[in-house]
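Two complexes are shown next, each including chain A; its partner changes from chain B in the first to chain C in the second.
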Partner chain A sequence: MKEYISLSHGSGGALTRKLVHEIFAAAFDNAYLRKLDDASVVTLAGGRYAMTTDSFVVDPIVFPGGDIGKLAVCGTVNDLASCGAEPKYLSASFVIEEGFALGSLRTIVSSMAREAREQKTAIVTGDTKVVPRGKADKLFINTTGIGFVHKLLDTKKIRPGDKILINGPVAQHGLSILASRQGFEGRTSIKSDCKSLWGIVKLLLQEHVDVHFMRDPTRGGVSAAANEIAQSCGFSLALLEKRIPATASCRSLCEILGLEPLDIANEGKMLFFVGESDAPKALRLLRSVPSCRQAALIGEVLSEKKSKVYLETSAGGSRVLGMPVTDAIPRIC
Partner chain B sequence: MKEYISLSHGSGGALTRKLVHEIFAAAFDNAYLRKLDDASVVTLAGGRYAMTTDSFVVDPIVFPGGDIGKLAVCGTVNDLASCGAEPKYLSASFVIEEGFALGSLRTIVSSMAREAREQKTAIVTGDTKVVPRGKADKLFINTTGIGFVHKLLDTKKIRPGDKILINGPVAQHGLSILASRQGFEGRTSIKSDCKSLWGIVKLLLQEHVDVHFMRDPTRGGVSAAANEIAQSCGFSLALLEKRIPATASCRSLCEILGLEPLDIANEGKMLFFVGESDAPKALRLLRSVPSCRQAALIGEVLSEKKSKVYLETSAGGSRVLGMPVTDAIPRIC
Partner chain C sequence: MKYVDDFRGARACLALARRINAAAGNSDFRIMEVCGTHTAAIRRFGIPSMLSGRIRLISGPGCPVCVTSDVYLRNAFRMAAEKNVTIATYPDMLRVPAGGDSLQGLKARGADIRSVNSALEVLEMAKDLKDRRIVFLAVGFETTAPATGILALRARKERLRNLLIYGAHKTIPPALLGLGRDKDLCLDGFLLPGHVSVVIGMQGYRQVMRALRLPAVITGFEPLDILSAIHTIIVAARLHKAVLENGYCRVVREAGNERAKALLREVFISKDSLWRGLGVIPKSGLFLRQPYAFLDARRAFGLKEEGTREARGGCLCAGVLTGKIEPPACRYFGKQCTPRKPLGPCMVSREGTCRAFFEVS
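This part shows the complex of A and B:
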């Protein structure tokens, strides 16, 4: 049977994983790519550097809390940060649809420039392509980043008893996109959490917190990230639903639309896997940052070697939190 | 007046230059980007590395002599090579249109993998996005590369008297795209010259040829590359039309369509600026490579400081070869 690419192949969930495994990793096979991490650690002149790439196709290109430009810098910075790497150099490549307003391009480019400056990261090289009207949707941006690895992290370092922390409420980014796409962004207070996370990662590393692993739960949300980590480390994870922060408006919107908040994308959140004894210190440090007051300890690593993710529900039960198969909200990044 | 992006903004000619200067370089302003070279040289762990990025939107995605996958590797390898850099690590990011055949994706990915293997370059990190039908044209690929700089090159090293060499016939890539787009690819022998050039660059550097500068004349062809170099070094250049190699079929097609072969994109050509006394050695070395038998000395750097490019025509006259303003053939890479 002839097979075709579906939107779910881009969801960050089970089908993306299958596509990446069976087509990309199989063909490009090498030790770096085999880990299928958000970035790869390579050796350059004897130093350890992380390299990561992301193409941004978010629709709409401007949303409450950010735009495709800010997102393109934050997304790549966060993939580096999740590898314990300080962002150093970024590339920026633009695919622009003919007829796109130069003024809008200028706004988005300024937004990228501002975010890069704040992160003390230089956009050192770029590329521009223009395609005829109807051959792309306004603007796609690729950013690729190189970062200096301060601490080597690996799912192999995850141990039973490790605590799982998150730096704030979930689902804001995906829902802000959904709200603006449906035209009701003016009627909700939901804003994207789009934010560069190197700052808080640096803080934890500088204070020698015993961080074993980190992952920013973007496409596929906490569900996809937790499942990937469980698969990779071999242990099962337990998440406590009532501890997972979410704003009232996000909770309501999810309830109305029948969405699972843990499946929804974040763009300013990090899951930290921290050695048990250092968890209180990590939480205190995170909460000392104004944007992370709602940081929370949301779960732990179990000794069971089944690679499952259990969600202890607020109602008192427990269920398996699966990898999202389709895309709750497509094109969120 | 409200301004919009036109196809010519992506031509690699004067409008691309204006866009890059006024919007991207102005906003991202830093010493790396200010050079507006095809790649930037950055320092990592005390070593010099080049970083370059390219998004490929070629239409059609398969053409005589290659496909978008091979092109995505060669294009980035060649941008590194033109900086005297040995390709080390590549990232690959895919924007795929919903409904694209998995079989075609597999073929293109294999073609990338094969080219990367031949170049001893690892694709270490990647990303996949899927957009709804009609929101992208089949498949766009971004590759970003990091290479180790063997020799620092700069237009500042260009001197009057330097000889300009090219490793073979011009205009093949752009014309092969045009031919396949018009559906007459079966009736011409024109094939893309799509090829990784690190091999020949390495040869010249290993043999200590006094190379001052290199540039691969892709979008905008030899005309755009020569004009950019003249602008950057300040000297005028003289090119000898009758010395510039082109196949008979390329010449005929250009004549029929009223195209200037020097404006047409190449994907396997390099312009070498070589110290006068080393030019014969460089030519001999290039011609020793089977794929470069038609390498030629095609011009020289003048002492005039007007940043002009003169073409000494076959008819015996001389004219200014301008930067192409619009795109002879859009979406060639």
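This part shows the complex of A and C:
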């Protein structure tokens, strides 16, 4: 039977992985791409640089806690930051649907500009395309970023005993989008965590914290990120559900819809894999940042070489935390 | 959330699990959870890891999309392929495979298929899309059936002409009877579904349980709910006592929800119905009765009867649905059949037994 692209191919889960592996990585194959990291580190005269690109098609384009413009800058900055790279230059391309309000575009572009200014990054080039009404949904943005690598990180540096830290509560971005899209009333307290993370990464690197690896758990949430890392480094990971921060409103929305908070996208979170002895220091540093007061040590790397992710549940049991398979969908019964 | 946390404390859960293991002693126990949400909760909280190996929790046929028959799906595909038809259904139905295809596949190829979270969204859809015929694939147990009932009531009152309902609602008590009597299964007790019980109440099970003489407890979805129900069942089973208890009295009443029950009586009539894996169960299906039959898609499209026989797909979902085998015993499990490419329906929904196994094993 003929195969078609379905929305699950874009959900960041197992199907996305398959698509990237079988179609893109196979065709473009080279040493950089083979790592399938969020960004690739290339060597140019004068040092090592990281390069990444990301397209943004979020619907609605304005959501509690941010908009597509802010997200387009943060997303790319965070992919660079997860490689230990300081974001330097960005590009921005716009695909705009005919009939899109100029005022809305202005607002979104100015929020991009504000975020870029705060991150001391310059948007140095760009492109604009307008397509007929109905051929795109309002506005799509692509950003590409180049950053200077301060510390080379690799999943190969992860060792048994390493501690896993996160800088705050999970699931806020995905739930805020879901809530505003579905129009759940009275759920306005859920704001996206959309935020640039270079600031806290820089702090840890400046203080010489023994960071071995970082990954921002975006689509597919902590579950997907943890599983990818476990597969890449070969060791199994153990996470403690009780320690993983989530706000009360996110938890209760997840309960109502039957969703797993660990499967839901974040846009301002980073998983840090830190050497055992440096973990308390890393936690102290993270918690000194106002937006990361709820940073927590959520697990560790085991010596078992099975590439699994175990979750010790809040009820005291334990289970394997799998890779999310499809988009989060509310239960039907 | 404080309220929920009280039902999840690790210390209380582990203490209760120890009491269960002590009560079980050296005997083996086989307890079936009939509800898919229980299956998912048991796996999610890691309950099997707390209990002794002597206590087997067996997953029953409690996931609505899992028990929906092959012919039903093929009929749905047929309607989806017709011009001017919009299919509305619950999100899980989109991925259920039948004959190598699925609604999701049809959607990717251009059919108008929309997912809804509530039956009443379909009403709005029918009003918005006046020039299209809207077919609602109504699946689920006593939990979702009243919503379909409201939809039928409103559609009749507002004289909607472009709305059709293709119903596959099923009721739990008749299925319990077959499972409880199954000699191969040899069950020691039932965890009764919490949501279904909100509608049918304790009353809904009395007749069946009197016939079966097995311990059964209506159970909530928090780990302490589930563990305390298991404890009650094991203590009763050791004494060979048949008990029917309500362990979810914070929402379940003796008589259930009278209004919902009246609605079901008003809109539906009970007839024999085909369950995937279980075959035909007498009086277990809810079908539209007069004067709502004008909404029935079966009539409007002249659909094939679902009949009594199922297509054999090769996967062992029949055994899984009746709790006779665990998913890894199926040769396709985790190989050709994965959540991203399900061969059988049990791999589709989070509440499906195979999917629940796949995600945590």
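What we mean here is this: the second predicted complex is superposed on the first by the 323 of 333 C-alpha atoms of A that agree within 3 Å, B and C clash if a C-alpha of one lies under 4 Å from a C-alpha of the other, contacts with A are read in each partner's own complex, and residues count from 1 in each chain.
Heads up, the rule we're going with is that a contact is a pair of C-beta atoms (placed from the backbone, for glycine too) under 8 Å apart; a residue touches a chain by one contact, two chains touch by 3 or more.
Keep in mind that this is a model prediction, so the values were computed, not measured.
Enquirer: Mind working out whether A:182 is in touch with chain B, chain C, both or neither, as first, second, both or neither?
Expert: The answer is second: A:182 touches chain C but not chain B.
Enquirer: Of the partners chain B and chain C, which touch A:252 in the superposed model: first, second, both, neither?
Expert: Second partner only.
Enquirer: Which partner does A:206 reach: the first (chain B), the second (chain C), both, or neither?
Expert: neither
Enquirer: Considering only the touch criterion stated at the top, classify A:23 as touching first (chain B), second (chain C), both, or neither.
Expert: First partner only, chain B.
Enquirer: Taking the superposition as given, does A:322 touch the first partner, chain B, the second, chain C, both, or neither?
Expert: second
Enquirer: Identify the partner contact of A:6: answer first if only chain B is touched, second if only chain C is, both if each is, neither if none is.
Expert: A:6 contacts both chain B and chain C.
Enquirer: So, does A:260 touch the first partner chain B, the second partner chain C, both, or neither?
Expert: So A:260 only meets chain C here.
Enquirer: Taking the superposition as given, does A:314 touch the first partner, chain B, the second, chain C, both, or neither?
Expert: Only chain C; A:314 stays clear of chain B.
Enquirer: Mind working out whether A:242 is in touch with chain B, chain C, both or neither, as first, second, both or neither?
Expert: The second partner, chain C, only.
Enquirer: Which partner, chain B or chain C, is in contact with more residues of chain A?
Expert: Partner with more touched residues of chain A: B.
Enquirer: Both chain B and chain C touch chain A; at which residues?
Expert: Shared contact residues on chain A (touching chain B in one complex, chain C in the other): 4-6, 8, 330-331, 333.
Enquirer: Touching chain A in the complex: which residues of chain C?
Expert: Contacts found on chain C: 1, 4, 8-11, 13-14, 17, 36-37, 40, 43-50, 63-65, 90-93, 95, 100-101, 104-105, 107-109, 115, 117, 139-141, 143-144, 195, 223-224, 338-340, 349-351, 355, 358-361.
Enquirer: Enumerate the contact residues on chain B facing chain A in the complex.
Expert: By the definition above, chain B touches chain A via 2-11, 16, 19-20, 23-24, 27-30, 32-33, 37, 39-40, 42, 44-47, 49, 51-57, 59, 88-89, 91-103, 105-106, 109-110, 112-113, 116, 122-132, 134-137, 140, 142, 144, 146, 148, 330-331, 333.
Enquirer: Write out the stretch or stretches of chain A touching chain C in their complex.
Expert: Contact set of chain A toward chain C: 1, 4-6, 8, 13-15, 18, 182, 242, 248, 251-252, 255, 258, 260, 311-322, 325-326, 329-333.
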